[in-house]
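Two complexes, one shared chain (chain A), two partners (chain B, chain C).
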Partner chain A sequence: MLKHLSKTFKRTVLATAMVLGPVTLASAQQVELTMYYPVAVGGALTKIVDGLVDGFSKENPGIKVNAIYAGNYNDARIKALAALKSGKPAQLSVMFSIDIYELIEQGAIVAFDDIVETDDEKAWLKKFYPALMENGITQNKTWGIPFQRSTIVMYYNKDAFRAAGLDAEKPPATWDELVSAGKKLTKADGSQWGMMIPSTGYPYWMFGALTKQNGQTLMNGSGNKTFFDKPATIEALQFWKDLGSKEGVMPKGTIEWGTLRQNFLDQKTAIMWHSTGNLTKVKSSAKFDFGVAMLPAKKSRGTPTGGGNFYIFDKTTPAERKAALKLIRYMTSPERTAEWSIKTGYIGTRPDAYETDALKKYVVEFPPAAVARDQLEFATAELSTYQTGRVRKLLDDAIQAALTGSKSPEEALTSAQKQADRLLKKYR
Partner chain B sequence: MSEHKGSMNRVYGWLLLLPAMVFLTAFTYYPMVSTFFVSLFSDGTATRPSVFVGLENYQFLLEDDIFWKVLVNNLWYAAGTIPTSIAIALMMAIWVNNRLPARGLVRMAYFTPTVLPMIAVANIWLFFYTPEIGLFDQIGSVFGFPSQNWLGDPELVLGSIIVMTVWKEAGFFMIFYLAALQSLSPELEEAAHLEGASRWYIFRRITFPLLMPTTLFVTINAVINSVKMVDHLFILTKGGPDNASSLLLYYIFEVAFSFLDEAYASALTVVLLVVLAIVAVGQFTLMDKRIHYR
Partner chain C sequence: MSMARQTTLFNRIEIAAAWALAFLWVMPLLYALWAGFHAPEYATRFDLFAPLTLENFATVWEQAPFGRYFFNTFILVTSILVMQFILCTLAAYAFARYEFRGREVAFALVLLQLMIMPEVLIVENYSTMSKLGLVDTIAAIGLPYMASAFGIFLLRQTFKTIPKELEEAARLEGCGPMMILWKVYVPLARPTYLAYGLVSISYHWNNFLWPLIITNSVETRPLTVGLAIFGAPESGVDWSIISAATLLAVAPLLVAFILFQRQFVQSFMHAGIK
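Moving on, here comes the complex of A and B:
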């Protein structure tokens, strides 16, 4: 009987300790952080993130970090918002950079300006490439810190360039050069196309590059107005369509995002526009000499940025916020950024990362890694507005309607703009 | 005493019903009712709380071009997949019910697509359909056909998806037909043979009518699948180009989880439920009359 009692007692104590554990420990300055992160491209990324978190834990024994892999970008956002509703939110998360307005509207995140205190911390906010900060700043506040970020680059087959009598070291730098090179590279028997720009999956992203090159952005900095029906936007879509229907250097209709890399590797297209995220895979699989170049220019060069930012959730205690900030600063320090960039192919998010020995050496060994960095100078924010899912789909549908010929570019974009205006009116 | 026994029986009855009732209520009826309620409110955010809007979401639905487009797509998808996959399933079943060499192997071959997960199938077919390097274009090029952009052409994309679905489904339905065929008594067929009936006549007047209960079951499954299966769209087309291959359930997913508009997604779901309920009732009342149950 006594034994039984003591057993029950032990269990009760244990249970109480388990329930109260985090609380009592927290008062002893132990902070526990839960961080969600998505993986958009490859599986090995989870190991790299775990490695970074382990490194942080060793340096900061007072902070315990649970890094939870949360699927793709969409899954991560859904999980984070669901956790928020259930009252058991995470403290920080890596989420899609373009989710910012959604997260603000849901009251989910807190601005970094409200967390940083010291001059050192304030200065840290300015350490990143401005182009990468564009998707993280609105209402004059910084809500997202760039982490796993990419851009679009032009991959080209140097062997095919040589075979067509083109200079393999001088990839097309303008739209005109692109078309004329494309014509030389396109074989009449259909065995090789000049170029392919993918138009499924993320058409708006590719289109963001074309419009930026034509001197036009797709939306304002407050996320409540789109510029889909501007003449330069329509001109950019016309150019995209003409590559297939008029110039004949690209297949007509839409081009599948998922199989494009295979088309390039099988030499069915001499040029492809794709995410820098494909660099490692192309490098390991290409059986020919390939090059990576900046996207060409009409008025200027241009590409949208892409990828994930760090966010800190609103439902957090001051101690948790401080700890989260510490973690993010660790993960984005120049050394960690260099390590992350080399291992994953994502861009180093800050100039001083490229001053580290590791990244300096890597760029010399593998020059394509520098192309994405150099292109940042011409980069702009990825399409992101309030009601971003809907607005993005309006543009995606308009692009596909124009490319498949069911509507003219002007018709498609004017109607998309009209509908976007209706959605965004209440945010102005 | 007997009154007592009767009330005890009633209690037993309810107790036996209870487990199923609890689960059905929690996971079927309650969600249906709550979906309907959510569809009467506007979508709320932290800055803009949800308010009662009555039928506004349904009003929007009537004006929503994409909704009508996916609804029509879904009808074509159903019309394309249901009869074809059932007919092919029946033919395959009769074929493998014969005494063939390597019958087990043929049956397994027909059934294999069913075992594969839809996502895996879609990933395989994505490369079949790829222009230039895909299987279909490579076979076509041998015969001198020009390359087709199967998934990138609004005219072809829905048909391409229907073909894949039929390939995936027919083997599954075949199993039911095969089981039904094997349970038919051979005497009827033998008797008809003695009377000099042709094989087609036997099929038309004996085999097919006897298979009607299976046909009803398979048809209901095919109808359900034509609105339930959208996994492949995530891989193959994401509903594109310009919604040419989008289906109702995929659109509901987009509205709910990409646009995060729970209210409108609920309204769409209610419409889907009503349509399905009407179809199911119709199927049972119409087809039941023509079915011979033993």
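Moving on, here comes the complex of A and C:
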């Protein structure tokens, strides 16, 4: 009995060794990557990402990828940094493009310039739209590769335009046209407003558009100086405030970010400024003829970019970095970019993605998809500095104080600038 | 006469205020019911005869593995609760009835814990879990919460109100310390256990950030993480969808509460948690 047992035991051990042996050998050569990604636009994005990763795994059996959903941009940053400090970090992550300075300050990420080796890889860094790279480049190095990126566009209700005697194919292209169209579109009984620019959630983002249109950026390229009190910045905030309080084409006070799309779909406003991330949803839900246009111009057209970039973490082995680079190159290849853009509504991040058959066809079928792309020519970086959360809060508060009338635009912005200077002094 | 009138007037005001508060409390739930069962175009428009639909629920169910998430959340809250009951009972018993050196300091340290927001400890807890090799397990979600300072404090206060005579009587009957705890203290503190259990369950049912950070896979993640996919901070929320998802997530708790409502209310009155 004992003999018999030990025989079985030996056999089992032998068999296990035979099965496990090759596996351990294989895993020694295999690179395992953990990638975090946030979802900012809602819905089945996790499935799309899983699909992309599966495609990569099939082409690269030597690399195992765990793609992990990590909440919103804020959660993703906390998760990545917590994992980093515990010594069990991920190798790469999609995170908010404006987190770049915090990630650099914490020594969390490595520049792509230090990973690319071949000419092909170096050339790849130049394939993306320059406007989308602005948030990823500082100190003359590239730290972030654009992935889920958006801009602000103007959605307008063509039926409402026709009803008000406006040309539905000629959306307002300047601030003056915007105001005069808004006046015609605003109904006296309050059932329909001319336009709405949201001022909760991401006020600094909308404001980045207005200032860019007025020929002014909100910060420098080193992330250590803001331009909140420049005359053009103050003028832009005055204009925003006037839309509600002087021209009467927009509700006074603040406008909710989260319910704006529903207000547009319910035809409570004829025009809304919102993220391109809404395109797919507006397209599927609008019961009226709608159009999408570039934001209007004062001195020029303008919008900030938004959204998430790929980053590679510093605590990685050379083999992991190579594998991560390979994964990112796969995810941002023209074909994948086209697929991602069509499925999510995010903009294609590189010009050659729009040369693919899939995206070419999509743009013909659905011209609004091209508006965001064409607008990239006039785009600028989203507000991003060292201490970015606190600096952004200063600007958000200033904007809301001006819109609700508790401070004048000049007062609010001058004081925000002073406080931002205090925060950023040590980075100069 | 005038006294009586005054009391009725006061009563009426009190009842009206109670209704107003109850209404305020139930508003979000009513809205979620409305938006969840109607097509998106009725999300912000009230129309009594708007057609009802279950489509939002179907969409939600399809987009995330809610069945698995339900199971995980259930395992999570029950394991936390059981461990909390065991640890807090033993600790509270010691603090309430035993004299030992350093008792006051130890109890002060426990109370100090109440002042610390768990979120502050995320990074530290993460590295502890990682050293224990527990990252991405349900145990890791629960561990930091099991020795609950609130539970210890609450049970200690309850145990202190129990007359010593009962304990002495039990001792005369030949009960040892554990037997006394089990036969005398625990049964008499039942309302406190119920009330604390409710607070604990609803807290951990709803906890989001820590579970999201310490887990990576569908097999360990709770409901709230699944719910977060519908948050959509960038594009603005789809109200019908998120309402349906919220209803799904809170339904078991809500049903349980309605079923056991009377016991809960009574035990809250006894335990003095308000």
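To be clear about the criterion, the second predicted complex is superposed on the first by the 400 of 428 C-alpha atoms of A that agree within 3 Å, B and C clash if a C-alpha of one lies under 4 Å from a C-alpha of the other, contacts with A are read in each partner's own complex, and residues count from 1 in each chain.
The working rule: a contact is a pair of C-beta atoms (placed from the backbone, for glycine too) under 8 Å apart; a residue touches a chain by one contact, two chains touch by 3 or more.
This is a predicted model, so every value here is computed, not measured.
Novice: Once chain A from each complex is brought into register, does chain C clash with chain B or fit beside it?
Specialist: clash
Novice: I'd like to know which partner A:Gln106 touches here: chain B for first, chain C for second, both or neither.
Specialist: first
Novice: Output check: A:Asn66 vs chain B and chain C. Expected answer is one of first, second, both, neither. What do you get?
Specialist: A:Asn66 contacts chain C only, not chain B.
Novice: Contact-wise, after the overlay, does A:Gly277 reach chain B, chain C, both or neither (first, second, both, neither)?
Specialist: So A:Gly277 only meets chain C here.
Novice: Is A:Leu395 contacted by the first partner chain B, the second partner chain C, both or neither?
Specialist: neither
Novice: Counting touched residues of chain A, say whether chain B or chain C comes out ahead.
Specialist: Of chain B and chain C, the partner in contact with more residues of chain A is C.
Novice: Please work out whether A:Met250 is in contact with chain B alone, chain C alone, both, or neither, and reply first, second, both or neither.
Specialist: neither
Novice: Using the touch definition from the top, say if A:Thr259 reaches chain B (first), chain C (second), both or neither.
Specialist: The answer is both, since A:Thr259 touches chain B and chain C.
Novice: Looking at A:Gly201, would you say it contacts chain B, chain C, both, or neither? Reply first, second, both or neither.
Specialist: A:Gly201 contacts both chain B and chain C.
Novice: Applying the touch criterion given at the start, work out whether A:Ala379 contacts chain B, chain C, both or neither, answering first, second, both or neither.
Specialist: Neither partner.
Novice: Applying the document's definition of touch, where does A:Ser406 land relative to chain B and chain C: first, second, both, or neither?
Specialist: It touches chain B, and chain C stays clear.
Novice: Tell me which of 1-9, 19-27 or 145-153 in chain B produces the clash with chain C after alignment on chain A.
Specialist: Clashes with chain C appear only in stretch 19-27.
Novice: Starting from the residues of chain A touching chain B, keep only those that also touch chain C in the other complex, and list them.
Specialist: On chain A, the residues that contact chain B in one structure and chain C in the other are 78, 81, 201, 258-259, 262-263, 266.
Novice: Given the complex with chain A, which residues does chain B contribute to the contact?
Specialist: 45-48, 66, 126-127, 130-134, 146-147, 149, 151-154, 235, 237-238, 240-244, 254, 257-261
Novice: Give the list of chain A residues in touch with chain C in this complex.
Specialist: Where chain A meets chain C, its residues are 34, 39-47, 66, 68-73, 75, 78-79, 81-83, 85-88, 150, 201, 257-263, 265-266, 274-275, 277-278, 281, 285, 287, 306-307, 345.
Novice: Name, in rising order, each residue of chain A that touches chain B in their complex.
Specialist: 74, 78, 81, 102, 105-108, 190-191, 193, 199-201, 251-256, 258-259, 262-263, 266, 268, 387, 389-390, 393, 396-398, 400-401, 403-404, 406
Novice: Once bound in the complex, which stretches of chain C touch chain A?
Specialist: Chain C residues touching chain A: 40-41, 43-45, 62-64, 122-123, 126-127, 129-131, 135, 209, 212-213, 216-217, 225, 228-239, 241.
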